[in-house]
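Heads up: the structure comes next, in structure tokens.
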Amino acid sequence: MKQETIKRIRRFSDERDWDQFHSPANIAKSIVIESAELLECFQWNEDEYDLQHVKEELADVIVFTQNMLDKLDLDPDEIVNMKMEQNEKKYPVEKAKGNAAKYDQL
Amino acid sequence: MKQETIKRIRRFSDERDWDQFHSPANIAKSIVIESAELLECFQWNEDEYDLQHVKEELADVIVFTQNMLDKLDLDPDEIVNMKMEQNEKKYPVEKAKGNAAKYDQL
Amino acid sequence: MKQETIKRIRRFSDERDWDQFHSPANIAKSIVIESAELLECFQWNEDEYDLQHVKEELADVIVFTQNMLDKLDLDPDEIVNMKMEQNEKKYPVEKAKGNAAKYDQL
Amino acid sequence: MKQETIKRIRRFSDERDWDQFHSPANIAKSIVIESAELLECFQWNEDEYDLQHVKEELADVIVFTQNMLDKLDLDPDEIVNMKMEQNEKKYPVEKAKGNAAKYDQL
């Protein structure tokens, strides 16, 4: 995301004095709640969905994810690269190719 | 996130031929599953948490969110700005300041 | 469930002195966490699933649901009948028959 | 729950011809969605909550749990007792007493 968009997310909370509600635990709950709303777009039918609704709920997930990064002062590139390194080891290409099994069942 | 990190996420799936599993519905399920694992870091205690574990689970949420953006060919800045505009209207500063109530109860 | 099974659930927490952790909010988190583990059984494939795993995760959901009923001193028959009455009104047979649309789109 | 309440849950789906939507995967999604709505009652404040709202969302979790039991033809007493036996072994009283740590960290 652009710095400008990230700043808009921060300004939104700042102007409303919402930092007091944004404990890491509360943000974690919020990410689950929003991602369940995203899932609701696919509750009864996986193939036909309301794209506008998907966009709105996915955006909410991204906003709260940014709130969590800010709250814990984390760098997304750093944590994602750290995790991708783990994932690349857990799912070696030769075993995982074309296979959706969990790493402990590969 | 940097383009380099985004490319690493894409390469990871590409090399494993996982696009076949990445329907929007399956990715939506995955975001919920990972965000529930993030919530698990705060299940019994909201104040003491394992920061390394939080980083790993948050990274997983970010990775699947990126998968969804890619799958639906969405621009994060576009959808987040669209949603922030809605949020700014739903939660006017003068009503929402210091108040965690849902917009329909402001 | 039989009273005997319900008592076993209660005894399990009592013997471990876990009531102190069972705030309604913590139990709510736990129900989400367990239900996301249930969903994980269907993450990449909706038709083939490990039935034993499904049983275990569903049982966990039931156990925490019972913990919530106990904590708030609620009667499941009372709250379910109250909710079914709402549902029956929100989804009139003539409109909802064979239709998975949400009540506000019927 | 009383047989009468269980029958009301079944009749509700039957009359609406909804069995076609009730695949195990769709019900699993529904349990997550409803339990996230339950969690929403505690999103920003864990101590003050709307009890009526909690009852309604908890009832929805129970209804979809019953749908899953019916769909897979499972007996709640059987699966809960099977799982409680596992839990009792994973969390021995002498180690778990007064301790909310996960079994692999006891």
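First chain written, first letter: the chains are A, B, C and D, and each begins at residue 1.
Everything below uses one rule, namely that contacts are C-beta pairs under 8 Å (C-beta built on N, C-alpha and C of every residue); 3 or more make two chains touch, one makes a residue touch a chain.
Every value quoted in this text rests on a predicted model; they were computed, and no experiment measured them.
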A-B against A-C, pair bridged by the larger set of C-beta contacts: A-B
Candidate from A-D, A-C or B-C with the same interface as B-D, over half of contact pairs in common: A-C
CA centroid of chain A to CA centroid of chain C, Å: 25
Chain A and chain B: spacing of chain centres that average the CA atoms, whole Å: 2
Residues of chain C engaged with two or more neighbouring chains: 21, 29, 32, 35-36, 39, 42-44, 46, 100
Contacting residues of chain A [partner chain B, same complex]: 1-2, 4-5, 8-9, 12, 15-18, 20-21, 23-25, 28-29, 31-32, 35-36, 38-39, 41-42, 46-47, 49, 51, 54-56, 58-63, 65, 68-69, 72, 74, 76-77, 79-84, 86-88, 91, 93, 96-100
Contact footprint of chain B on chain D as seen in their complex: 29, 32, 36, 43-46, 100
Contact footprint of chain D on chain A as seen in their complex: 21, 26, 29-30, 32-33, 35-37, 39-40, 42-44
